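The structure appears right after this line, and notes come after that.
For reference, chains read A, B, C, D, E and F in written order, and residue numbers begin at 1 within each chain.
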Amino acid sequence: MSDQEVMASIMRDHIMNLLREGKRIDGRGFEDYREIEIKTNVIEKAEGSAWVKLGDTQVLVGIKVDVGEPFPDLPESGVMTTNVELVPLASPTFEPGPPDENAIELARVVDRGIRESHAIDLEKLVISPGKLVRVVFIDVHVLDHGGNLLDASGIAAMAALMTTKVPRVEYNEETGELTKLDEYDPLPINHIPVPVTFAKIGTAMLVDPSLDEEMVMDGRLTITTDETGHVSAAQKGESGSFKLEEVMYALDTAVEKGNYVREIIKRSL
Amino acid sequence: MMGRPEGLKLIDENGRRIDGRKKYELRPISMEVNVLKNADGSAYVEWGKNKILAAVYGPREIHPKHLQRPDRGILRVRYNMAPFSVEDRKKPGPDRRSVEISKVIRGALEPALILEMFPRTAVDIFIEVLQADAGTRVAGIAAASLALADAGIPMRDIVSACAAGKIDGEIVLDLNKDEDNYGEADVPLAIMPMKNDITLLQMDGYLTREEFMEAVRLAIKGAKAVYQKQREALKRKYLAVAEEVAGNE
Amino acid sequence: MSDQEVMASIMRDHIMNLLREGKRIDGRGFEDYREIEIKTNVIEKAEGSAWVKLGDTQVLVGIKVDVGEPFPDLPESGVMTTNVELVPLASPTFEPGPPDENAIELARVVDRGIRESHAIDLEKLVISPGKLVRVVFIDVHVLDHGGNLLDASGIAAMAALMTTKVPRVEYNEETGELTKLDEYDPLPINHIPVPVTFAKIGTAMLVDPSLDEEMVMDGRLTITTDETGHVSAAQKGESGSFKLEEVMYALDTAVEKGNYVREIIKRSL
Amino acid sequence: MMGRPEGLKLIDENGRRIDGRKKYELRPISMEVNVLKNADGSAYVEWGKNKILAAVYGPREIHPKHLQRPDRGILRVRYNMAPFSVEDRKKPGPDRRSVEISKVIRGALEPALILEMFPRTAVDIFIEVLQADAGTRVAGIAAASLALADAGIPMRDIVSACAAGKIDGEIVLDLNKDEDNYGEADVPLAIMPMKNDITLLQMDGYLTREEFMEAVRLAIKGAKAVYQKQREALKRKYLAVAEEVAGNE
Amino acid sequence: MMGRPEGLKLIDENGRRIDGRKKYELRPISMEVNVLKNADGSAYVEWGKNKILAAVYGPREIHPKHLQRPDRGILRVRYNMAPFSVEDRKKPGPDRRSVEISKVIRGALEPALILEMFPRTAVDIFIEVLQADAGTRVAGIAAASLALADAGIPMRDIVSACAAGKIDGEIVLDLNKDEDNYGEADVPLAIMPMKNDITLLQMDGYLTREEFMEAVRLAIKGAKAVYQKQREALKRKYLAVAEEVAGNE
Amino acid sequence: MSDQEVMASIMRDHIMNLLREGKRIDGRGFEDYREIEIKTNVIEKAEGSAWVKLGDTQVLVGIKVDVGEPFPDLPESGVMTTNVELVPLASPTFEPGPPDENAIELARVVDRGIRESHAIDLEKLVISPGKLVRVVFIDVHVLDHGGNLLDASGIAAMAALMTTKVPRVEYNEETGELTKLDEYDPLPINHIPVPVTFAKIGTAMLVDPSLDEEMVMDGRLTITTDETGHVSAAQKGESGSFKLEEVMYALDTAVEKGNYVREIIKRSL
């Protein structure tokens, strides 16, 4: 075994021993989030932004709103797209280059949570049906990887979207000319989906895993719910397996903790 | 979810779906193992209009060496769609969807493998979607699991998989392409049936808590039905092998 | 030498010894093809398809017919394009990634054989001259590499093309609107070119080399001919060299074996 | 240099620039070190509207090994802009500009490092531009230099940096975005202040010989002012550490 | 083959081709060896309007090591076109055509090399097409072969090459660009002249069996004429070297 | 230390010893260029070209002039773009692949020198404002790397531009049709910027470093000036540092040597 693997094995034993006594390595309860700090409007050049600290994890989301063509099969809908950059500044395990499978999974789960709850009212983002719509870019820039990037990214994305200002435009259908005005509307938001992630270590289910916990976890489960209690995304991640009862527990807890986190997001605006 | 054609009903007044199935009915499934010569194990699955080929190579040496794990083998999965497998030609090469699916399939199969038995090596699973019609990831898992068995890779259980979803307000089993496009949610799931261990669970759509759990339970049932078909396919192979051996004597 | 190389060397001696007695390793005559099995219309979502087994080799070709712009210098001609994917499922020697030199050579030789004989009547695939034409994608998906991928691919491509159905379209020159009808025409086919590949081992010229034979061959020669006896492509591949008489022999044999294979293709439709 | 809006004056009749600064005035600058947990050293710099994060990892092992230098360490620098850092969204990943800037920043910092002290290893510097408003390379150098000090990498001096330029016919200090877009020249410069060694010097624009030297001299003065701010930021950190240690006793 | 301009005749009533050549006449060819300082061997060939530079490096070490062959050296070939070498600027970097040509050129040269003489190493051949006018692969082979000889790589023979083709219904030697664009077929060929071993043979077009063999035979004749020019270029080099040596004494 | 590094170290000592005696390794004075040989119009298929030999360094620049859209913010200006290919034929240290940081820096410094002096009169290259302009591609193909690629490339680029012939076109604003005429105009040239590069070795500043000198230099400084004595680009390259006085010396010398080189370029046309 390499040094790293020996370390991981010792860490796993340590964490497991604590869990058997009902304790997490940083003293939290199994259902406790680490401290959440949200600063919005930190990037003036973006239409919306939020810098989120979740324990040692730091994530910055910037929202750019551009105009472009709608998808051919959805002529009456704006477009949203989510991208995650795991820049090597944020962790010794991140490497430069195009998004790897971790960045892609992260982006797609955050995206689904927002998209499937219709959190953004994309139908209100049409400028000219079939021709010109708003394109909302959600760019997640991970700055420090301290575990549970998924929840931090989902929180930052929603906080950024809820503070996004969209410049009004005038569009001349005949000439095709588009003029950006110096008036702004808030981005229309329907719902506030919040992902809640669980790490399974042995038989324990832990909310908001820290990096140490992630390093030794067996499996991961994320459930995204909104303020109506609907589920808009679920994702079992990594290896490991879950029992049906664990899924039920996670579902109920995700709704409860989602409400808790949602209030923090709202207070940050 | 795409713009839905006007007047399209996914469940008719008799409770039948557009392909004639009942709510909890699987599409026709056929499975065959050992269909390729080069691969150490292989399987071909037709599941509705899905046509999927899976191959296993390994355990085999890993290059570059720094990827080797001294205490166990590693599993690598590549899910790939043929350019002609979908309505509009797909540009060859992995897109973001394929990368995510490859990753979750790896996570779905890994718990079944006893990787400690072949340290420093890799098991490679290649899943080629020759025709796609919704549910390719669960069909791919079913095929890959057969290919692993065919290759003789030591496993705790055969991983099986199925999806459930919501269309026209009802939770149904095993969505086809139209149902996936115009429905409300899709919940793909994989399971190790012997111990009821869920190894893949995703959700794409919008469901109440109750609907979500109903879909999960239904998908488990579907996966168990698929499990029986997997076992039969493996049995047929062993019978064929036995006959061949007997014939040679 | 690595184990593989030792094996190859032993295999070469064995194959050479047999060839000196006039025998091939699988018992075939020097000019014999392995069994050819062709199933067409196997991919309903493609406009045409064929699954070919040539001994242990399996190749699946799917044809997609789209619409697009013609090349500027050929305004009155449809477009055809050939792509080969050597997916790692098909051989322990194939690696994931964009087409390598083997895939590219394979695609280009198959393409030339079809293109230069004008097998597809591209001039009949024009919708609006200089503006809109049919684009025919020939996608070769190799499933099991048992040797002689070139002939298997060429056979599968022609079988797939000959069963391709092209949806009729209505094109409004003024609005530029294009409507796909639910009526189909067969793809217009002029000729049936067939590639015939020879492996040279020592002084022996072997038709349709198996994988074992390819591993030890000195050189490779492919000649594509159609039912009129015209040559539409030739390609000496890999290392090794050929005498003029060997080229002449290959040419005559390619015509003869091409006729044999062509009948099998026709019977499969 | 872009097409300039009509009537735009970069220096008004009172000698004030569009953001109210005088000719030789720096934009507001704030600096903080040790802002990241994972990195061995880090710093965050706000410089006008520029917001820049720098991290240092190392000295650490190099892969692949053939890049190792037996007699000294190597320095690697990656300057990267966040997609939302500029007016029009920037496609993620390095463009040609970022590649060049990464290279000249490496050349600007390398003379300060005593690379012979850690053979066979690499020091990696990552500079993330979170918001850009002209002068990101000099702000990035200032941040990177702080991150190096925070990581405890042995250095001959702290590299400091600043730009001067020409707008409306006059040589001024520290261009902002509009001045850069509509001005006549930009001269970014880095220096090791203790020995007055210039380690970065570029020029983009059109200047007479005299103007060029004037800009160089002015940029040196600016860099020395930035140097004081860097020292203060480091002092604050050591005071904070000292307090913490004292508090713990 | 492109859309042919109306009324274009490739052979006139006197049997002359558009550039004035007779049917079996080569374009003007000039060859020079040892034209680059860094390369171990090099050659510059002008063949009609083709301008081609070839360089050889090696035998030299191979990275990564797993590409090494313990019993012999390997040959690597890269054929590349300069962006300005063709009518419409070519985007830099290899396209599919260049990849195929690199591969067949490798196959054309390899039989001449005695690779067993330098195990574990590589010989690298780089062919840069500075201006292209049809027949670049055969001109490239001729240049590469000279560069190999210039580098002192042990060879069984000097590989020579030429193309024949069909224009306006007749088989002719050495097509130029217009003839290639508007003609009926092109048959490039390479040969080791001492033993009449054909090492490259391709065909692009549509020919009867008889025409094909006529083209092959004609291309062989052309290649043998090119062979004489290659030998003269090498002789000039050795004379130059000899003179230099004599002058130094 | 590897063999290469030992060699470099010995070479450095040797060069340093010579420099202390005021001598360069090839006998030149500190401010001397190697022999400069320029052949223009060597590539007939390009609109302009120049093959430059600077000592052992050989560089070929080809100019292609195409038509395309202007940049949105510069509707009344043609477009110029500079690309450098460091093909592996030119040096054992060059590798195949997309331009690396050396090629990119080289291209950008050459580009800035030309662009910022407005050497090409881009405003005369507009065909239809905001719609259609000339695009000038400056492609630098390095053939033999004997040191100081930057000056060789800058020289070759200007010599090629000054011999570039632009085909006249007729553009029909209404139909959008563009016809290339068989008449040619010279590319409009305002200025002749020339980069002059210095290597600093110890305390010596050497004009036009050879490859041997580059291998051991501490730092590099390039200053581009035109015939009016204006500076249009400056670039300190690689590691090392410069004193203010060294910059001043380099500036004055760059003007002087720039004039010298400019005359050679003019004579070559």
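Brief remarks on what is shown
Keep this in mind: contacts are C-beta pairs under 8 Å (C-beta built on N, C-alpha and C of every residue); 3 or more make two chains touch, one makes a residue touch a chain.
On a predicted model such as this, the values are computed, not experimentally measured, just so you know.
Among the remaining chains, not one touches subunit C and also subunit E. Most remote from subunit E, judged by the distance between CA-atom centroids, is A. Fitting subunit D to subunit E on CA positions gives a rotation angle of 120°, reported to the nearest 5. Work out the mean CA point of subunit A and of subunit D, and you get 31 Å between them.
For this pair, subunit B with subunit D, the centres built from the Cα atoms lie 52 Å apart.
Work out the mean CA point of subunit A and of subunit B, and you get 27 Å between them. Annotation for subunit D: no residues touch two or more other chains. Within subunit A, the positions touching two or more other chains are listed as 99. Around the closed ring of chain contacts, the path that opens at subunit D and continues to subunit F reads D, F, E, C, B, A.
Residues 42-46, 49, 56, 58, 60, 62-64, 66, 83, 85, 87-92, 96, 98-99, 137, 139, 141, 143-146 of subunit F are the ones that touch subunit E when the two sit in their complex.
Here subunit D touches subunit A in the complex through residues 36-39, 49, 51, 53-55, 57, 60, 78, 80, 82-89, 92-94, 124, 126-128, 130-133, going by the rule given at the top.
Put simply, subunit A touches subunit B in their complex at residues 1-2, 5, 73-77, 99, 101, 104-105, 107-108, 112, 116-118, 219, 221, 229-244, 247-248, 251-252, 255. Here subunit B touches subunit A in the complex through residues 2-3, 69-71, 96-97, 99-100, 102-104, 106-107, 110-111, 185, 187, 192, 196-209, 212-213, 216-217, 220, going by the rule given at the top.
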